[in-house]
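Each remark here refers to the structure printed beneath this line.
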Amino acid sequence: MRLNTIEFLLQQSWEGVVRNGLVSLAAVANIAVALVVLGAIVLTGVNLQHMASLQAEAAVITVDLEDEADTAEIQAALLGRQQVKEAKFVGKDESLLKWAERIGLELPEPDPDRRVKLITELLGGNPLPDSLCVKPVDPQDIPAIAAEAKKIPGVAEVRYGEQVTEKLLTLARGTKISGLVMGLIMGAATLLIIGTTIRLTIYARRREIRIMQLVGATNWFIRIPFLLEGVFQGLAGALIAIIILLPAYSYAQGYIDRNLEFINLVYSTEVLAIFAFGLVACGLVFGAAGSALSLRRYLRVV
Amino acid sequence: MRLNTIEFLLQQSWEGVVRNGLVSLAAVANIAVALVVLGAIVLTGVNLQHMASLQAEAAVITVDLEDEADTAEIQAALLGRQQVKEAKFVGKDESLLKWAERIGLELPEPDPDRRVKLITELLGGNPLPDSLCVKPVDPQDIPAIAAEAKKIPGVAEVRYGEQVTEKLLTLARGTKISGLVMGLIMGAATLLIIGTTIRLTIYARRREIRIMQLVGATNWFIRIPFLLEGVFQGLAGALIAIIILLPAYSYAQGYIDRNLEFINLVYSTEVLAIFAFGLVACGLVFGAAGSALSLRRYLRVV
Amino acid sequence: MIHLQQVSVVYPNGTRALSNVDLHIERGEFAFITGASGSGKSTLLALVYRDIAPTEGKVIVDGQDIAKLPPRRVPYLRRKVSVVFQDFRLLPDKTIWENVGFALDVLGASRREKHHKVPLTLELVGLSSKAEDYPRELSAGEQQRVCIARSLVNMPPVLLADEPTGNLDPDMSWEIVQLLADIAGQGTTVVMATHDKRIVDRMGRRVVQLVQGMMVRDAKEGGRYDAP
Amino acid sequence: MIHLQQVSVVYPNGTRALSNVDLHIERGEFAFITGASGSGKSTLLALVYRDIAPTEGKVIVDGQDIAKLPPRRVPYLRRKVSVVFQDFRLLPDKTIWENVGFALDVLGASRREKHHKVPLTLELVGLSSKAEDYPRELSAGEQQRVCIARSLVNMPPVLLADEPTGNLDPDMSWEIVQLLADIAGQGTTVVMATHDKRIVDRMGRRVVQLVQGMMVRDAKEGGRYDAP
């Protein structure tokens, strides 16, 4: 393409944006709203996922051992499975101390060994067994590991807070799936809206396009200003979305941090930079793709 | 207005929808997407609010009494306040039994009285005080009631799980506010999008409008088909939104009910009917208002 | 019927299109407006159907000073003043039949009235066979005749025709002008802007000539295209 | 330069616009197309700039059978064939200057070339003073001259003019036709559809007459508007 042509086309695109202020406004508003919604969904999904996995990561399996069991052998059996990350031995005395602490039993004795002795006396013996504290590589595998562990000889009982862990895992899975579905639907809707909006702008200028064709302009010559206009609009929409989302998120993060410590939002400059970059990329793709698809239809007939 | 005219205008509007399929599609898609997002926000907000208040409702204040306190008098003092719904006496033995149950102390004794005796012996006395279990009318008032209760003579200590209750209340309040803000923003964005889209359709047909004016059509004659077109589109958008949202919500509700019993979604035909009705109303208002606002600007110059 | 008193028009971009024009046309009169390209003929007609307001002077149509007409009254003026536009201005999404019927629709005419008048008028301009076609499917001359039919169908008291024969062959042009003269004979005031020397000379009616926005000639009877 | 061989055109709605037309126009020739309204003049021209394809027959322009031209080659044909459209077709968002310049833009002309050619061409049609106005600010005749300027500015090998004087006064019309004749003298092939009997008779050039889509007359030299 000649330099004259390139200069002319760039000027055309810019004039398009300025002259068709109204049309551009509609497209930019559409893209911005769609990206805000899409971005909010992504942020929510990422955070739910993050929280669920944080919680699930803390999940362990407690394997109670029979009195005469061979601890080392069972430990080896468990660690032999790929899904198991760690299998720490926890003696019955240690468990007893922890239990006493948890129920708030107040004893005037600071030395652990003597505390154990005191509690044992108080209860007339230590009712707790020795156990192994097993950490999985992936929290998803907990039920499978537990089922396997039960079959090992010398294992008395396997506990892992079925209720909470399974719920959290379900929640995490549900979030991932529904976030993906919502994201896809919103993405499609965004493309539809942008596509129809741009198609509408082209429809509004159908006579001009036809005149250009009649005067000998190639389809690309006509297309490029529209495409660039779409890209400009996508960019503008993305910037607006970022200007709305990032401060809102940062405010929400601060508010939650101050008031609800048990919720833990992702907030690293790196993640947010990637997120902003993603929005801009989406805006560009949406703008360009929307224009391109709409133009295809309208310029088919020469 | 004459019957002929009304007939003509209705026919015009319908033809507008059919002939400008593309334009209509854009507007309907815009409205549908906006309403889906708006509806999802409303549903999420309602449910979070509902869950938070369910949890908060279970919150109670425990007022520990001094040994020689006049239980009846303190009870009367508490019940005298409007914010207090209930103040039930809980004896120290009852509390001890509950505590033992909570920490999983296993005793071979089924009879409550003798269990109390056994535990008391085990611990060398019952360290727990008598107490009053106070329920507030509105969970919001818990901190205030607690502060007041502390001042009553004969009250040793006041506990109400500050942490959890306040967090839940904060969460509920935050949800309400951010839902409202989000809803308002989305509503404004929707109006903007619909307005610009319809303005775009009018812009695309500016020559026709001008011709009609030149042939002697009054502004209302020109406006009504556009307005009705907007109303049709709003209605269509609302129906699409309902068709997407209600089954999705019902599916989500079923899924959560089956997998996550601790989450409790609102699901009554009545609420959903109101919700659907609200969507339709929003669609109508959006469609009509969007057209009306856009028409005002474009028909100003005769 | 139409009275222009010391009318001047200056467009927003500064172009002076009319200067101090004084023109009085009586009910039922038939007048030609002639003048070179850009001399202000269309501007003069646009004053009468209130597409533009005069910068100076008065425009009185049917006894009403329309310079001061409030916008919401304008449509009612336009129902009395039909226009054959130089660029046709047909509604692209309506068939020929509907385009002509539209002038009756705005009056709230009944279906029966439309079904009586529209075909009759299309017959007059020789377009019965094109009734169901859309404007884009017609030749330029055919579109021009649709515009003429639309301006005739509601039998207006005033008919303005802006170069109504510019896209018609000489025979057809002559027929159309005869038609307009007939209508003038029935009491309609007809003003026609034209470049067609042959028609003006052959008709020998009143001729108003413009030169750069100024009225330089007003030949009452037996007028010719060129000044004698 | 332009060869129509047994060409027929039937529009999608069934209208038969041309029937078995055989027409051969040589390089540098100047030909009039005449015929009543709706006789197929615009259709004939539209075939040459490939706005429509013939239903039957061959259309050969500059040695190329354009009925089989792939869509992406069409713009290049149109740069060789300039058209003065019956309805002007100016770009509403561009000034007169830009509208005329656009015909050079599509060729990738330099800024200098445009600044040399555009004012010169506007001067030719007498519109230098309107260069910065928009089409809507011009009279119909002025718009028509802009369209003429646009078709001249890139000095095309073929120039089609569809009723280029329909909105011009007789003097201006004669000037424009002289201009077209000059261009034909410089080697451009000019085909002009017209209803203007006076011009056709005065020019005495080749006249092709259509009646309901059929070519009924082809008067090579000294042609007159009406058959002798």
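Letters A, B, C and D name the chains as they come in the text, with residue numbers starting at 1 for each one.
Here, contacts are C-beta pairs under 8 Å (C-beta built on N, C-alpha and C of every residue); 3 or more make two chains touch, one makes a residue touch a chain.
Note that the structure is a prediction, hence the values are computed from the model and not measured.
Colleague: Could you work out how many touching-chain steps separate subunit B from subunit C at minimum?
Modeller: The fewest touching-chain steps linking subunit B to subunit C number 1.
Colleague: Which chains are in contact with both subunit A and subunit C?
Modeller: B, D
Colleague: Taking mean CA positions as centres, which chain lies farthest from subunit D?
Modeller: Relative to subunit D, the chain whose C-alpha centre sits farthest away is B.
Colleague: Would you kindly tell me how far, in whole Å, the mean C-alpha position of subunit D lies from that of subunit C?
Modeller: The computed centroid separation for subunit C versus subunit D comes out at 28 Å.
Colleague: Taking each chain's centre as the mean of its CA atoms, how far is subunit B from subunit D in angstrom?
Modeller: Computed from C-alpha means, the inter-chain centre distance equals 68 Å.
Colleague: Counting in whole Å, what is the centre-to-centre distance of subunit A and subunit D, each centre being its mean C-alpha position?
Modeller: 63
Colleague: Using mean CA coordinates as chain centres, what's the subunit A-subunit B distance in Å?
Modeller: Roughly 24 Å separates the two chain centres.
Colleague: If a residue has to touch 2 or more other chains to count, which residues of subunit B qualify?
Modeller: none
Colleague: How is the touch graph of the chains shaped: line, ring, star, complete or other?
Modeller: Chain contacts: single closed ring, each chain with exactly two partners.
Colleague: Kindly provide every pair of chains that touch.
Modeller: Chain pairs that touch: A-B, A-D, B-C, C-D.
Colleague: Hey, which residues of subunit B end up touching subunit A in the complex?
Modeller: By the definition above, subunit B touches subunit A via 22-23, 25-26, 29-30, 32-34, 36-37, 103, 106, 122, 167, 170-171, 174, 178, 186, 189-190, 192-193, 196-197, 199-201, 203-204, 252, 255-256, 259-260, 262.
Colleague: Spell out the part of subunit C that touches subunit D in their complex, as residue ranges.
Modeller: Within the complex, subunit C touches subunit D at residues 11, 13, 15, 34-38, 41-42, 86-87, 133, 137-142, 144-145, 162-163, 166-173, 195, 197-198, 225.
Colleague: Under the stated contact criterion, what part of subunit D meets subunit A in this complex?
Modeller: Within the complex, subunit D touches subunit A at residues 49-51, 71-72, 74-79, 83, 85, 89-93, 102-103, 105-111, 150.
Colleague: Which bits of subunit A are touching subunit D when the two form their complex?
Modeller: Residues 1-2, 4-5, 8, 15, 19, 207-208, 211-219, 221, 302.
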